[in-house]
Amino acid sequence: MSITRKWTTYLLLIAATLVLMFPILYAFSISFMSGAEVLEGKIWPSSFSFENYRDAFEKVPLLHYLINSFAGSIFVMAGQLLVSSLAAFAFVFIKFKGRDAIFFLFISTMMIPWEATMVPNFLTAQKLGWINNYLGLTIPFFALAFGTFLLRQQFKTIPNELYEASQVAGISRFRFFWNVVLPVSKTSLVTLGVYSFLTTWNMYLWPLLVTNTEDVRTVQIGLKQMQTQEISTDWGVVMAAVIVVILPTLLLLFLGQKRLQKGLTQGAIK
Amino acid sequence: NSTGSSEAQETKKTASGKTEVVFWHAMSGDLEKSLNKIVDEYNKSQDKVEVKPVFQGTYEEAQTKFNTVAGTKDAPAIMQTFEVGTKFMIDSGKIQPVQKFIDQDHYDTSQWEKNISSYYQVDGKQYSMPFNSSTPVLVYNKDAFKKAGLDPENPPKTYDELKAAAKKLTEKQGNKTSQYGFSILNYGWFFEELVASQGGLYVDHENGRKGDAEKAGFNGKEGQNAFNLINDMYKEGTFYNVGQNWDDMRAAFQSKKIAMFLDSSAGIKTLVDNAPFDVGVSYIPVPKEEDRQGVAIGGASLWMSKGISDETSKAAWDFMKYLATPEVQAKWHVESGYFAVNPKAYEQDIVKKEWEKYPQLKVTVDQLRETKPTPATQGALISVFPESRQKVVTGMESLYQGVKPKKALDQAAKETNRALEVANQK
Amino acid sequence: MSAVTKTANSPVSVLANPKEKKSMPTIIVGLAYLLPSLLLFSVFLFYPMIKTLYLSLFITDTQGNPLNFVGLQNFLYLFTDPNFLQSMKATFLFVLYTVPIGLVIALFLALIANEKLKGIGFFRTMFSSTMGMSVAASSVIWMFMYNPTIGVINKVLNLVGIHDVQWLLDPKYALVAVSISTIWMNIGFTFLILLGGLQNIDEKLYENARIAGVSYWYQLRKITLPMLSPTLFFIITVSFINAFQTFGQIDILTKGGPTDSTNVIVYSIYKDAFVNYNVGSASAQATILFFCILLVTALQFKLGERKVHYQ
Amino acid sequence: MKKVELVNIGKSYDQKTNVIQDINVTIEPGEFFVLVGPSGCGKSTMLRMIAGLEEVTQGELLIGDVKANKLLPSQRDLSMVFQNYALYPHLTVEQNILFGLHTKKISKQEQQKRCREAAEMLGLSEYLKRKPRQLSGGQRQRVALARAIVTHSPICLMDEPLSNLDAKLRAKMRSEIRQIQRKLGITMIYVTHDQTEAMTMADRMMILNGGNIQQVGRPLDIYNAPKNTFVASFIGSPPMNLSNVSIENNLLVFEDRRAISMSTPHSNLNGKKEVVVGVRPEHIQLATNDNTSFIVEVDNVEILGTETLLTFHMGDKQWMAKWNGQWTIKVGERVPIFIDPKHLFLFDGDTGSCLHYEPSAEDLTVKGALV
Amino acid sequence: MKKVELVNIGKSYDQKTNVIQDINVTIEPGEFFVLVGPSGCGKSTMLRMIAGLEEVTQGELLIGDVKANKLLPSQRDLSMVFQNYALYPHLTVEQNILFGLHTKKISKQEQQKRCREAAEMLGLSEYLKRKPRQLSGGQRQRVALARAIVTHSPICLMDEPLSNLDAKLRAKMRSEIRQIQRKLGITMIYVTHDQTEAMTMADRMMILNGGNIQQVGRPLDIYNAPKNTFVASFIGSPPMNLSNVSIENNLLVFEDRRAISMSTPHSNLNGKKEVVVGVRPEHIQLATNDNTSFIVEVDNVEILGTETLLTFHMGDKQWMAKWNGQWTIKVGERVPIFIDPKHLFLFDGDTGSCLHYEPSAEDLTVKGALV
């Protein structure tokens, strides 16, 4: 690569990074400002005080919410991985009539607007007694068309010989699934795991609906709790909460970026 | 949701044997902190009842949820609902009027601020317990008044004065306006108040208090006055459009983008704290001084669910009574900026001290007390209020797009009528 | 093993044995593996969807229970209701603004992040970071940035001499403003997918082009884009579906206003169902939305698939 | 050691056309049996039917005298080695070798013992803890082999197990597999498309083409007496040279009117005039002064160190000659060649079946040579 | 036709260790030059440096007498064929062939003409409208070739272009490529790890190992006079048999105390006692009564139709003998063999370099044979 091309690329990279990261950095900066500073429209705080963070943790049980979000996200992640991989396994390794039709049915679920299903789902959850516990927060999300699709693409790359070899050896189907297919698809599972963790972590409306107590509420609700309507919002505190809320997901993303990218692409391409 | 579920539920008890009262609210931020403190004190003050406050999102979100769980075991004992949800709650059949407990208990409601509690009274029956109430006030920048050669102690009272003052307050550099004279949030409530303060009715049938409303009335003379005011000032360049967001509006005031605006009385204190200038508060303006009827309240009240056990109801009532005591109301008023339901609260020391520090607060209370009790200031009762508000907001917004005030109002009225029609079919 | 040796000694029993031992029909096994998904889908997606279809033919009470059957009246009203037509328009504009532009930006980022340079990993991480941002958190940040008086965007515009723009208040800009923030939120995901697609392209194809001496743009046009087409196809489909279903940022940033300019269908559904309690109308809108998405996706598969080159 | 018998076996994937048909063959216990044929001829299909991975749609399959058509793969008591080895990439070599042994109800101790033995036999002992991706192609091949060995199944099936290896390694593994099979005495059914592999490894082999058996027999018998042109050109490297000729007065006349004489008039030509003549490259010799068959112009010369390959045109075809030694011949040079009539094969021009050949006299033994 | 010169070329990817080093060679105009060596020895690296796809980190590269170290690939006026062909899957054969030709400022007409010519030459005419995935391996190979041809570049680089093809097709393409190169007279630099390919195609070849040149020369010269044990065992199939021996009184004594005598005392052994002896398989003959070198026990016999391979143990190694004809020998049979001392190679035990060989007398020509 020629020198000029190299430096233009660097220049573009840096410029793009600055533009893209600006909102996050801006929020970070505001999270250290006092109320007056925020209203003056400053870009940089005059001093870095953790006042806002302390306030944020004081105002709502943010720590508790963080733990709930974490537990819920992990739970959904595990559930999605299991349910999706079971389905994907059937779509790849078990031949039966009508398989493609069912697969199409799965894919079509991606098109159902979530808002349209919320009220009936809430009533269902209520009938099942899933209000105010992790069941309601998590189980409705265990089945995921996108995840099934992603894993199906991955499973398709597993040579059929592996399956046949285990058939000859007399290994049961489930054992093959558990001991071979899953470990071999680690990358995609991690990808899907990160993806489901992120999406679950970021849910707001549903958790609000199905929880009535702080015991199981999540950080996104906490974020909403910081903002007020009729009286002034304390922006510094809200931004502090924003930072607290996005920090874990950003961290997760940074750690899993490589795998995520690899896994997502496998799913994207036939 | 079969009606069968409205049978009395079992009384939920806490581990220590106290009766559990679940209390859903929409108070976020500092308000939630204050509310939690009050609840805490109540819980500690006795050993029979344990109130559990639960934040349920915005008023709308909270009500949606209440609507779906009302009558089941997941329903709360006490539900906080915004003022425009009143009719909806009454019609839902999922609540019991507090009048029942007032009667049982021979509770003296005369200690309540009449102008507040009357909003929640229908056919002489008290449906809910007033809790956090506010009214609109005119807030202005005293420093800017001085600078513009206006008397900071004599803010505009009528539309004409307002227009004149706004003209003086508007500062322009070239074609760029650095300070606007006046602003109103694009929020239905302010429009309703502007109509009510002139004695205008929002809907027919005495604002819906003498039977189900069927037609919108807000597009009459009073409503047109209000829309014309906005339209005229906007055209003159003295009115600034701050949108729908309370925070944006206050930010604009605090950063001196606007010199006067209408705000909720509940927001005054923080405003005074944060503004880098002297803040003045006055009554909401009217077209002519003789029109002044006062204001209707905004805010929310507490409702008692149906289908909870008697024991729980009693416990919830006990808590409601506690909330209405002057001491608690004083604290609530001081911390939140909302009115005290019980006027005796204003005689409490902490309130007096607070008023010394924030004389602006007293103005808000005075405005409320001077209000003449009429169907207009009592507030409208319609089930589709939120929807109607959206239509009015859209109407206000369309003003800035150059739509004629009358046309904008009529459109909003037409759509409200249809919503009423649909609702009345149910 | 013992079973087999035994049967080996008595051929007669073998002929009978396999019949008994014959494994379960694969359809049963297959469905067993699909059961959890099917069950959950049925309960939490298909059932509500069917219920929605059903309710769209009724006027409902505030609890969402059907009161009286009105046939297609809900639909007929919607198609004459200027508000709904405005919603449709807003939705299509929103999709139009966000999908192509987001795609182009993400593609640009993916292209520059696909170069082999020192420290490129850092940039890739940065570019993908918005994927970790929740809609709520992002919207709060953007709302603040859009603030006409204290927000940074107008501050910057003022610096270059541009008048204050009332981003979220002016119907001319509100949808654009929401679109910008949406593009920003989605860029991380789109970027990641595209980058992965780029990295799957055989390096040798470019080496051959280098030897042939064709220009960068020619490579982009003749190699990169065609080779990326399966990935592009995937991401376009997903972006379309997501754009049609956007809700969170609208709720926080504009609440559908001003003058309904950002009142996309999903938000309109939400308002009708949760604020105005017109479940019938909301259901009808949801049904329309569902078919819109279905149509667009089907169209895409019909038209797009032909232009996609699978390896 | 078990017998495998195929009776009238046929297979159709789509219930319409047969992919293979009328397969009748008995594979003897302990035999090394090779299935060979060009790509797509149905070798894998046949092997997979024996393994039970593919349903038998016609005929009867007997394994050790037991009808096996409907048995599950695991009930057939056989092991299988796949073309790309089918190793589990996430398991170590040891785990790979032992994977699935548990279903056979073998004690941990016995498993370990078998694994150690197999690993030793195949020189894998030091790699037991590695993952497949850390192994070279040949080592992976051996792991796949070890996995088949430890099951102690009397029958082993292999589907082109060497085709992913390079030429040198392939030659080595060829003899390794053969030696192990002899040592363990298992019945081996081995699929390949490489005739060299088939020739060097098979006790007997079956040549398939288009789903039909072409010939079954010992490699040398097939080499020396191919039943038809397909077999003749498929077996042997470089392949047998074939050309259409017409018979005119005991002469075989090529299309370009060159001719060679037949040794004696052949009775079984049934008066056919158009036949195909075949000559193996090694039987085309440099003519000495008195016996030139024809003079050819050399198209290409390839010197492989110990032998030289000449390419030239003959009638409508390119022919090849293989000579020992390093020959310095220029492209375009004209070279006189001689073909001994006794080395000529004659095939039916229409059916391709062999009409005539002279049984080879070359049956060399060390004893014979020493004399 | 252009010359390519490498002067002291070296390459390092990580600025620390060299992947290849000290490469000095001149590739003559119109020459077919083959780079051969085991996997990972640096062949591709070298080729890619010549192409300009990889930076030259040491030394000087001259293309047609012009210093080319810094030239862009497109400025070097060469074409390249990649191992997996690097065809554009979304373009038709025709578009693939013409890809990038527009940069050469060639008229549409001329492009079409070249494409037609190349397609005809390679038998692709009927496939011009197809996509690569609709072609067989051999056809894809030809498209890649055509793409290189149409550029009319004087130099063509090929990186293992045949390794994805099966044995038969490979043999065919080998001679096709050779013929095209001759016809067009281009300078060809060809990378392979297959010694047969190198032997049969090269005018000259360079054998690389671990980034170092082992030997450069004509294939037969290298075959007959390998410079060291690496070359000796790399070139030739089956490879040369090598064993450690000690020299005792003009005898080469193997580790198992068997011995063969050297023909004459060799002067250039410098008194070394431990050497490596090498014998090509074709030089191990069946002994006649009076000249037995030793008796060996046969480990394996492979009959390839026209020749027979015997495997047996010799000292610490397995040796192979290649005999013409079909030999019926049982595994385990004891066979007397004879090795002519004149066919012995001796290598330095430490450095592996060749100490002694007798120039081959076999330089056969048709003329010589006819006499």
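Note that the chains are named A, B, C, D and E in the order they appear, and that numbering of residues resets to 1 at the start of each chain.
One rule holds in what follows: a contact is a pair of C-beta atoms (placed from the backbone, for glycine too) under 8 Å apart; a residue touches a chain by one contact, two chains touch by 3 or more.
Small disclaimer: the values here were computed from a predicted structure and weren't measured.
**Student:** Please identify which chain has its centre, taken as the mean of its CA atoms, farthest from the centre of chain E.
**Tutor:** B
**Student:** Max contacts between which two chains?
**Tutor:** Greatest count of contact pairs is found between chains A-C.
**Student:** Need the CA-centroid distance for the pair chain A / chain E, whole Å please.
**Tutor:** Here chain A and chain E have centroids separated by 55 Å.
**Student:** Between chain B and chain D, what distance separates the C-alpha centroids? Give it in angstrom.
**Tutor:** Going by mean C-alpha positions, chain B sits 92 Å from chain D.
**Student:** Show the residues in chain E shared as contacts by 2 or more other chains, in ascending order.
**Tutor:** As it turns out, chain E has no residue touching two or more other chains.
**Student:** Would you give the residues of chain B that are in contact with at least 2 other chains, written as numbers and ranges?
**Tutor:** 1, 61, 68, 247, 251, 255
**Student:** In chain A, which residues are in touch with two or more of the other chains?
**Tutor:** Chain A, residues with two or more chain partners: 39-41, 119, 224, 227, 235.
**Student:** What residues of chain C sit close enough to touch chain E in their complex?
**Tutor:** 202, 204-205, 207-215, 222-223, 226-227, 229, 309-311
**Student:** Which stretch or stretches of chain C touch chain A in the complex?
**Tutor:** Those residues of chain C that touch chain A are 25-27, 29-31, 33-34, 36-41, 43-49, 51-52, 64, 108-109, 112-113, 115-117, 120-121, 123-138, 140-142, 144-145, 149-152, 155, 184, 187-188, 192-193, 195-197, 199-200, 230-231, 234-235, 238, 241, 244-245, 247-248, 266, 269-270, 273-274, 279, 282-283, 286, 289-290, 293-294, 297, 310-311.
**Student:** Which residues of chain B touch chain A once you look at their complex with the stated criterion?
**Tutor:** 1, 22, 24, 28-33, 52, 54-59, 61, 65, 68-69, 72, 74, 76, 134, 246-247, 250-251, 254-255, 264, 266-267, 269-271, 274, 276, 299, 336-337
**Student:** For the complex, which residues does chain B have touching chain C?
**Tutor:** Where chain B meets chain C, its residues are 1, 60-61, 64, 67-68, 88, 91-92, 176, 186, 241-245, 247-248, 251-252, 255, 257, 383-384, 386-387, 390, 393-394, 397-398, 400-401, 415, 419, 422, 425-426.
**Student:** Chain A touches which residues of chain D in the complex?
**Tutor:** It is residues 48, 51-53, 72-75, 78-80, 82-84, 86, 88-90, 99-101, 103-104, 151 of chain D that touch chain A.
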